[in-house]
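Structures follow.
Both of the next two complexes hold chain A, though its partner changes from chain B to chain C.
Now for the complex of A and B:
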């Protein structure tokens, strides 16, 4: 059976309801696909074939009990999200062999919905990176062109969806780690408003920025997954207590009169010409749909990347202090005393990028530099948030590129950390402000690689970005473009 | 901002990390380049701007003081590289 038959959650559900397939058959097809392409893509750190197939069989037997649209659907879980009894490594050496004694709330939510984890998705170590090359296990490749990166840090999550190895995946986004790989892999990726989705059980990188979100093949699936994972969680003290919404109710084609903000600065230098062209075409699509284009300004967004790397590294240096070789994870051998144990364990256990960020964060928080770097970055954060508040009072959503370029070659930027950081220039400001944003496909570049468009909304404005994204998707069909990846070399 | 190898050693000590001579040079160069980029922040006047540590109003979250089962000892210890008599085992701290 061809994989194209099983594209999205809602299409699979329709086939099941018509009696044209079974959950076991669906799962079997995805397992076959993994066998075919995983050797090329390397999306997963672990595939749970047997357990998933058993759950699919059970789903067929318990069909009458199904209550959720995600029931029986195979998905990928980023390897920084804990699942009880299943090794969770954050693609690091220091956490290799770690078996969580509890599950993340999102993993519980999806389990309760009947969705089935088919694999733990590869990532940049501790979610630090924009290419997936920082995975200490293996780099994931882009299904559109395996000589290119899938983006990071949720590169495994985006690639496994794009390569049809699962129907959807969960990723985490600290500075663009869901949207940037979604853009590079031609899929839909949503970073929800900070506090909308519980972070309990997400291995922390930068706690004030991290947010879990869905990676899917279309906007409808995105709303379906968000319905399941959004909501208050008393186990996460930063989780926001607000009424549940049905995000599928906002999926409407009619967006007449919707105000779409355009930021001139976001279309300036450094933007790949054919990425700019696809975005300009997208603007025309919105005009034809009756949306109203509004010029807005984000004057401080130019400073967001600087503020981001200080804030995120400072929080990372603090969060990653817990990896000391005592309670879990790797412990170095041949140490003299406790301090030596800490130093050897951390130096041998962490990868290069993680150490670089711990160093930057420790420096920014150290005596004499705190005010100059950390406090300054937090003040700039205030200005960035104010900019967004002002811009989003003039429009419903802001349209921008997700990334300045399409997927780059493996190794192309890995020796220059600053160059790599620049690929997050349009996504980072959103995390700084805590607001939601989605990346959806808006066509291909001259080399046939996907281009992503970002739609940014107000606090808890998921309804607006999903509405705008859905209308565009229905009007253009760019989301139907698929990679030509066939089988492992 | 040019960091010296000595600066890197000082910060590494705070971060409980250690580097080879070659790594010290590399990190000094890379961190210096990143800090140079960070100088950009000084172009903005932030006098009287309140720092935002968190985008949400972060308050204490309290719950009823009810006794509930916690992680049992076996589970808490299951990932420890070394354990002894139900405790995490560490090298001698006092001689």
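Now for the complex of A and C:
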């Protein structure tokens, strides 16, 4: 099939430079692919075919600025990232019909690089969930096995990349929402350091944890996209003002002497046996590359999940209060008074998981419980950060599973929120600490489903994790595994 | 036994910044509804607030002027509640770490001085405005994100007069430091009154809060009426319920809005979208260095250097513009007493009449100084000066030019005046006779006649001398 011709940003770029294809041809192939598989995968809430094709044609005609590596490349944008004039819903009924009059800074950055949005990717409602089943529109399916979930909440973003519907995608990661679906879908997903990428235009779930990041086919593409979206933004006071880096410059095979930290507890109970096996093999790969393995401890990470659900739900309860039925999106009908309007709109407009977290967060912030929950959670947050600082002073990166299991079946965990939350057990501490982490493919399980490996770095240590990830990728070629997705009937 | 009234104030003041607290929208008053808004101040999904540096600077200025400690580290918090005038359903404010704390302000009521404690000053954003129309309620979001500071006092005031004095003093401070224009009719300065009553020596009673008073008179009346109401209830054995009350200034009474039992749980927590406000020693020192001379410092100087009465000095320093105008005038004419008299007399009266303030004066302090110079060197009389002043108000022209153009210089030509004096005395023999008989009053009439004939240009002292000199010739 023609799709095998196109895989990564850098490979497409090379084909174009050699004159073997055109931007229009590339875009046409991806649109064609969407027509074939979208009925099976359901990655997108909206596909912008016409606009994308027009931009691709314009790209071919534009003789000037094709120097940017992302020029003319189709990508998917998670539906919680605003794009001027394009409906943005966070996969929630309550935001139906919301058309932002502004673009997120990342969308603007990518537009400036010439990249073309081909679709708004499906997600768990307001980015709350680990399976994409919380989308109020439709669940996205895992391209490796459509009876399974793609992971969440950036499940649409991971699935559209894995299914070759776009070359790369942007997701957002609050507790693992980029890395976990990347792991389930066998692609590369990076959660950058908090503050490296502007959050302006990202519809907030939990502001102090949310971070936008790339989902790509390989580590090189990840660096290329990060180059475009990283950097200070005056519109986001939490974005850090620091010098720009060229992340591709850190991609090298030689990692001799690099110190890789292993947390023993992360390989304990609850880890699926063949996930453990793939991780152990990965450790051997690093040894063979001359890396030095170091045992490190993260004693407070047991409390990370609890702290995470308190902090993220508290912030969410506040961030989501603006959807009151007055200004945009859905408004309930047949209300008696103002309070009734608020109550009915929010009862009918939000899904179960969102309401669950709003209630949890409201409770945690209320007077009388603030000290016992929210304040405690902030204290735990400090301890977790200190744990990571200490561990990462002994090594360059920490290696861990991304998730305890491979992709589970649709409906398998959706009735048990606590079971679902455990899916994020290895990813959540990273958001609590605000540090960067990447998930890359490290093989397949016995059922042929992708297994993800997580590499965690210091504050602004993207260079370290990209370097370690690239060396592994080059040594193993796991990233070349692709799903044998049947075309939609 | 008499009751004692215990009053604490919360003063909201709109800061005089060009743009809003977290975005670039204009803060101008009176724009067409919803024209001064953007995604940020409307709290649209995904957008983020960014702190306006001017707001921090103004809050620090207000803190320095009220003798507060300036926090080196403070943060912005969210105050959560649902209301249609609040687009994000939370207000960004400061909770446990305000930017200024522990200040004092001196008040003076009938010569008795007293220090009132300032608990804290914090920064926050204003909410929108609801317009209740026939078809329903409309929201005007122009005010959303207009920067405010809230000044909270200790419950140190014991009378309506003290509460008013504190409110006036705060207004003076905010105007002086140019932190706020304090236009009360535009809501730039508004007061919440926390009030309770007790018998002296007893612990504080239950307090009520009256919100959004926007004049000194309303403040005073609200205190008087509410304290009487509380005493009335207590005397009848009824408990005071902690509640928020709305003051109706037209009716001169307050009514309960909501009681404490239904009070909101605001669920304050640090706003994760805004980094903490961290101020360096250097930053604070720089602001200290840029502060204007404060009114109480000026007042002492006026009394010591210019020998003005406390009353005069108080009036002159009551607004920064008046004080600066006064100083500019004195610098030219070197006559503080006369400058003070003109500013407090004719100039104040004229502005009052026109409903204007010192800012509207079209002539410069130097021009006023020049005019006083013309009086002092006897080029014009004080009564002519009144005309010159009005002309200056109207045209902004130099007093010398006005005197010349209108030919207002005093007649000091003795021979010309002599003839006129003789004519007037001849025409009024009775007055001359009276004067000769020692009725001194008569000379006033004669001088008046001459002044009328010369349209005030005659030098009255010279006329006086001439009458006495010529009286024997009639």
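Following the convention adopted for this analysis, the second predicted complex is superposed on the first by the 486 of 489 C-alpha atoms of A that agree within 3 Å, B and C clash if a C-alpha of one lies under 4 Å from a C-alpha of the other, contacts with A are read in each partner's own complex, and residues count from 1 in each chain.
Simple rule for what comes next: contacts are C-beta pairs under 8 Å (C-beta built on N, C-alpha and C of every residue); 3 or more make two chains touch, one makes a residue touch a chain.
Quick caveat, the model's predicted, so the values are computed rather than measured.
Novice: Which of the two partners, first being chain B and second being chain C, lies in contact with A:330: first, second, both, or neither?
Specialist: first
Novice: Touch check for A:200: first (chain B), second (chain C), both, or neither?
Specialist: Touch status of A:200: second partner only.
Novice: Just chain B (first), just chain C (second), both, or neither: which does A:9 touch?
Specialist: neither
Novice: Examine A:178 and indicate which partner it touches, taking first as chain B and second as chain C; both and neither are also allowed.
Specialist: In the superposition, A:178 contacts neither chain B nor chain C.
Novice: Look at A:314 in the shared chain and tell me whether it touches chain B only, chain C only, both, or neither; answer first, second, both or neither.
Specialist: Only chain C is touched by A:314; chain B is not.
Novice: A:82 contacts which: chain B (first), chain C (second), both, neither?
Specialist: In the superposed model, A:82 contacts chain C only, not chain B.
Novice: In the three-chain superposition, say which chain, chain B or chain C, touches more residues of chain A.
Specialist: Ranking chain B and chain C by residues of chain A touched puts B first.
Novice: Once the structures are superposed on A, label A:160 by its partner contacts, choosing first (chain B), second (chain C), both or neither.
Specialist: Neither chain B nor chain C is touched by A:160.
Novice: Thinking of the overlay built on chain A, is A:376 touched by chain B (first), by chain C (second), by both, or by neither?
Specialist: first
Novice: What residues on chain A does chain C touch that chain B touches too?
Specialist: 98, 101-102, 208, 234, 237-238, 317, 321, 324, 326-328, 338, 342, 362, 366.
Novice: Across the complex, what residues on chain B touch chain A?
Specialist: Contacts found on chain B: 3, 8, 11-12, 14-19, 27, 30-31, 33-35, 37-38, 40-44, 46, 49-56, 58, 61, 63, 71, 75-76, 78-82, 88, 90-93.
Novice: Across the complex, what residues on chain C touch chain A?
Specialist: 39, 42-51, 78, 80, 82, 84, 87-90, 139, 265, 267-269, 272-275
Novice: Which residues of chain A touch chain B once you look at their complex with the stated criterion?
Specialist: Residues of chain A touching chain B: 97-99, 101-102, 194-195, 208, 234, 237-238, 240, 300, 302-303, 306-307, 309-310, 317, 321, 324-331, 335, 337-339, 341-344, 346-347, 350, 355-356, 358-360, 362-363, 366, 373, 375-383, 385, 417-418, 433-434.
Novice: Can you check the complex and tell me which residues of chain A touch chain C?
Specialist: On the chain A side, the touching residues are 80-82, 88, 90, 95, 98, 100-102, 104, 199-204, 206-208, 234-238, 314-315, 317-318, 321-322, 324, 326-328, 338, 342, 362, 365-367, 370, 374.
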